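Each of the next two complexes has chain A plus one more chain, namely chain B in the first and chain C in the second.
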Partner chain A sequence: MAGLRSLVVPGWTKIIPGLVFCMVFAWIVMNIDHVLGKYHKADVASAAIPALEGMLAEATDTGDADTIASAESKLAKQQKALDTVDGTLGDTWPVATLLYQKFQFKYVAMLLIGGILIRNIFGIPEFLKPGVAVARPLIKPGIIILGVHYVWSDVVRVGGTGMLLAAVFIFGTAIVVMWLSRKYGVSDGLGGIMGAGTGVCGVSAIIATAPVVGAKPRDMAYAIGTILLFGTAMLFIMPYLGQWLGISEPQFGAWSALAILNTAQLIAAAEWYGEEARNTAVLINAARIMLIPLIVVFAVWFYGIKGEGKNIGFLATMRAKFPIFILGFFALIILNSAGIAFLGGPKTAGTPLWAMDAVYKWFFAIGFAGIGLSISIEDMKKAGGTAFAIGSGAATVKMILGLIVVLLLGTELLRVGGG
Partner chain B sequence: MGSESASQGKATGLSSAKREDIWALIIAGIVMLVSIAAPEAVYDFFKKVIYIF
Partner chain C sequence: MRARVPGRILLAVDGEPHTNEAVCWALDLALGLDATLNAVHVRDPYLKQFSTEIYAQGREEYLEHVSQCLEETAQMARASFESTVKEYLEARRDAKEPDWTFDVLDGDPAEQLAAHIRRGEYSMLVIGRRRRTRFAALKPRDLAERLSSVGSSVPILIVPEPVRDETPTDH
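Moving on, here comes the complex of A and B:
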């Protein structure tokens, strides 16, 4: 009974208005995204149909059965896209294509930019703030459900590569930041959480490490401000940078998982770039966040912290800091890989895993609404000083090295096949 | 994630990050149960009904 009671958020009724606000905001934006996407697809179809009809006519003349079947299937798909908006051949919707494809103005961008504008221009009333804060972690059930997209071979190949990369990058960054912080006279508390934050997983790692290294609330505000400022900047810059560099979706997914420090922000950036990018990013991030307890153990060792009443043994730290929700993600991968007939798969219509696949995006949307509405320019101004220079410098170097590594690895090793 | 009041869980025995994780597992479990019970209805709702335009 006590265990159940501890699951209830203190003052839970206060979260309802803000949560409903985020849900309504997400719902409106998802509908706009749906309409834009529909008209963009129709615009593409209107241009593609004549070419496909030509291809079909040519294949019919030569009797090429494979090309006929392929052209007919593509033609049917494009015709359906046109019919969805009651369009006819020759109709065009260039604005939809411009916004949706050229500017990548999809639901992620609308929720983040819209949320930031609402928060910083109109402000969020006090009674909505608790619910807005709760909306952000709703990305976690979305991540668990996304497990239906993967099979074990993905985990071994992409996750294994990701785990290795994450370990090298995490500990490399943490060691450099903690060492530089000590060298330039930054306190152990601030240097410790900045090292953990820039190395692993941003805010979660800062919170996990803070009590161990004895960080003060002001240190936490500085470190979180730095992480959020860097993450927010990267969230908006990286998708366009990736497009400009012409890197593939799986490569972008791996890059964002290595370079962006906050789980929610990296998933937002990868989702913005494309589905394949998101699939790779989520898997590598799952490998990465499992390393959070190890970074706490590392901080304990680096700063030579003794017990002094704190339970900071290896097993106790692993138990306390392990992100257990990721076990649900792996449980779904096992179920999807096991080939259990009645559960089906994400591409088998009418089955439970297929139905679950339709749900996860809504959790992401509500979570992204929460992120956008939480980004306060005032909070970011808290970032500053030597720790900020060291933290953001290390994060920038990590981003550049991450890009080089994913370019060297290529696309195939990082692609999630799914099942 | 998990930034809100890390200390608030102290009184109740669970950190806010752990509470978030457990709720995430519960919510995903509920989604799975409902998807097992009525897959077509879940799919239709989240892919069609919820989009009004």
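Moving on, here comes the complex of A and C:
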């Protein structure tokens, strides 16, 4: 019994209402997304079928077997999409296409925007808050499961490129921010958390760095407010900007992983942009978050911080600040790369890896519900002071430089093949 | 009918220099009206909520750091209050020290202070206010404004931070 009790989180009953609320919210939105996607596909199919029938007739006349096979396969797929909504040729669902394709109103957007509206218009009752806070980290199991989408060649090519880019961007940002902060008389505490926060992964990095550099509460509030403000602004601006610029999904994934200041928002933006964007962003972000302990070590060295009771040596910092869960992500990449027959793969129906892949989106959905419901405009309004000046400068420079770099690298180097 | 003369004055302090002016005003009122002064500092656990950020590492250390900072700020607020009281009384040798208490509360400052006022134990609130830059004017309401908008049933004296190089107010 004692062993079982040790597995139970203290105060777990307080978590239940908020977590259930997030699950119900995610379930409703996922169903809306499913229905909207279904009608959008039917709308596209209704428009595409006549053209495909024409192509099939033309190919039949010329006897082009390859074209016939291709047209028949496409026609069957489109007919299936139309049948799913009991539609007939000529039916149209323009609103579904407008929302789903033009406005990209998918489950990520619905959860985030819906969550923000609920939080800031109606507010979250106190009894729901603990569970909502716990819902956010549920993205982590989703990330671990996403490991089944990669093979080692992806890790070496995309992850290697990402690690190099992340290292340059992270240390470049941190060094410049900390140096400029010191030059202009900003306190070590604020300079340290802003260097780490704008360099690595926003609030997560601030939490890792704040105790080490001795950041003051007001500075932390300013810094977190600033990171959330720019992270949220980028979350909603970058996907549309990416579409407008016509950049590919893998390029967008890399761009968001380099430029969006906060992790939650970067995963949301990439998932929103598309599957390939998300695959690239998650892999580069895995490289990025592994650098959290190194940036803390750098801050200790840069500010000449002495221990004074704190264990801030290299190994102790690596142990305390390393994101252990990311090892689970790499373990699944190893399993997927090993080609073990009974494990199957994410696209082989009925296999263990397929089953795992089927649930990742639910972890993401509940996590995004938690993120949306946690985005408080009041928190973002706390952005201010020197932190705001540093954050706005770093955000703008990283966005522009990140875009230039991914445009120069092209799509193929950043595309995750998944075996 | 509610007594209009303050019997107990609630004073909100945060240990920041701009609060000192409010402390002096509260002492003036307490002495002039023979009222009891209750200084209150509220430890706001706002920053703790971010420990659940998805990739946060070293959560325990962060929470300990925030708690320690809040405790230090509370101690600083008390020390600053006591020091201002001492300086005030030294400057007015004929003044008798008013009855005062110092309490530390936990929670959202506006909610805690409003709850205190609602309990009807106080007949007046004195609070300091930092000078706001043009940028800050675009930002959310500060504590003083939030308190005045929660439907306070007692008068609120908002004491602005003196402008730098300005001769201090003669109390």
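Everything below uses one rule, namely that the second predicted complex is superposed on the first by the 409 of 419 C-alpha atoms of A that agree within 3 Å, B and C clash if a C-alpha of one lies under 4 Å from a C-alpha of the other, contacts with A are read in each partner's own complex, and residues count from 1 in each chain.
The criterion applied here is as follows: contacts are C-beta pairs under 8 Å (C-beta built on N, C-alpha and C of every residue); 3 or more make two chains touch, one makes a residue touch a chain.
Remember, predicted model here, so these are calculated numbers, not experimental data.
Student: Give one of first, second, both or neither to describe whether A:P94 is in contact with chain B, with chain C, with both, or with none.
Tutor: Once the two structures are laid over each other on A, A:P94 reaches no partner at all.
Student: With the two structures laid over each other on chain A, which partner does A:M356 touch: chain B (first), chain C (second), both, or neither?
Tutor: A:M356 contacts chain B only, not chain C.
Student: With both complexes superposed on chain A, which partner does A:G339 reach: first (chain B), second (chain C), both or neither?
Tutor: neither
Student: Quick check on the superposed pair: does A:P125 touch chain B, chain C, both, or neither? Answer first, second, both or neither.
Tutor: Neither: A:P125 stays clear of chain B and chain C.
Student: For A:E378, select first, second, both or neither according to whether it touches chain B, chain C, the two together, or no partner.
Tutor: second
Student: With both structures fitted on chain A, tell me whether chain B or chain C touches more of chain A's residues.
Tutor: Higher number of touched chain A residues: B.
Student: Taking the superposition on A as described, I'd like to know which of chain B and chain C A:A133 touches: first, second, both or neither.
Tutor: Both partners.
Student: Determine, under the contact definition given at the top, whether A:P293 touches first (chain B), second (chain C), both, or neither.
Tutor: A:P293 sits against chain C, while chain B stays out of touch.
Student: Can you give me the overlap between the chain B contact set and the chain C contact set on chain A?
Tutor: 133-134, 136-137, 139-140, 203-204, 207-208, 210, 224, 263-264, 320, 323
Student: In their shared complex, at which residues does chain C touch chain A?
Tutor: Within the complex, chain C touches chain A at residues 46-47, 49-59, 61-62, 64-66, 69-70, 73, 135-136, 139-140.
Student: For chain A, which residues are in contact with chain B within the complex?
Tutor: Chain A residues touching chain B: 2-3, 5-10, 27, 30-31, 34-35, 133-134, 136-141, 143-145, 203-204, 207-208, 210, 224, 262-264, 320, 323-325, 327-328, 332, 342-344, 350-356, 358-359, 361-363.
Student: Going by the contact rule set out above, which residues of chain B touch chain A in the complex?
Tutor: These residues of chain B touch chain A: 1-4, 6, 8-9, 11-15, 17-25, 27-29, 31-32, 35-36, 38-40, 42-43, 46-47, 50-53.
Student: Taking the complex as given, what residues does chain A use to touch chain C?
Tutor: 129, 133-134, 136-137, 139-140, 201-204, 206-208, 210-211, 214-217, 220-221, 224, 263-264, 289, 292-293, 320-323, 367, 378, 381-382, 384, 388
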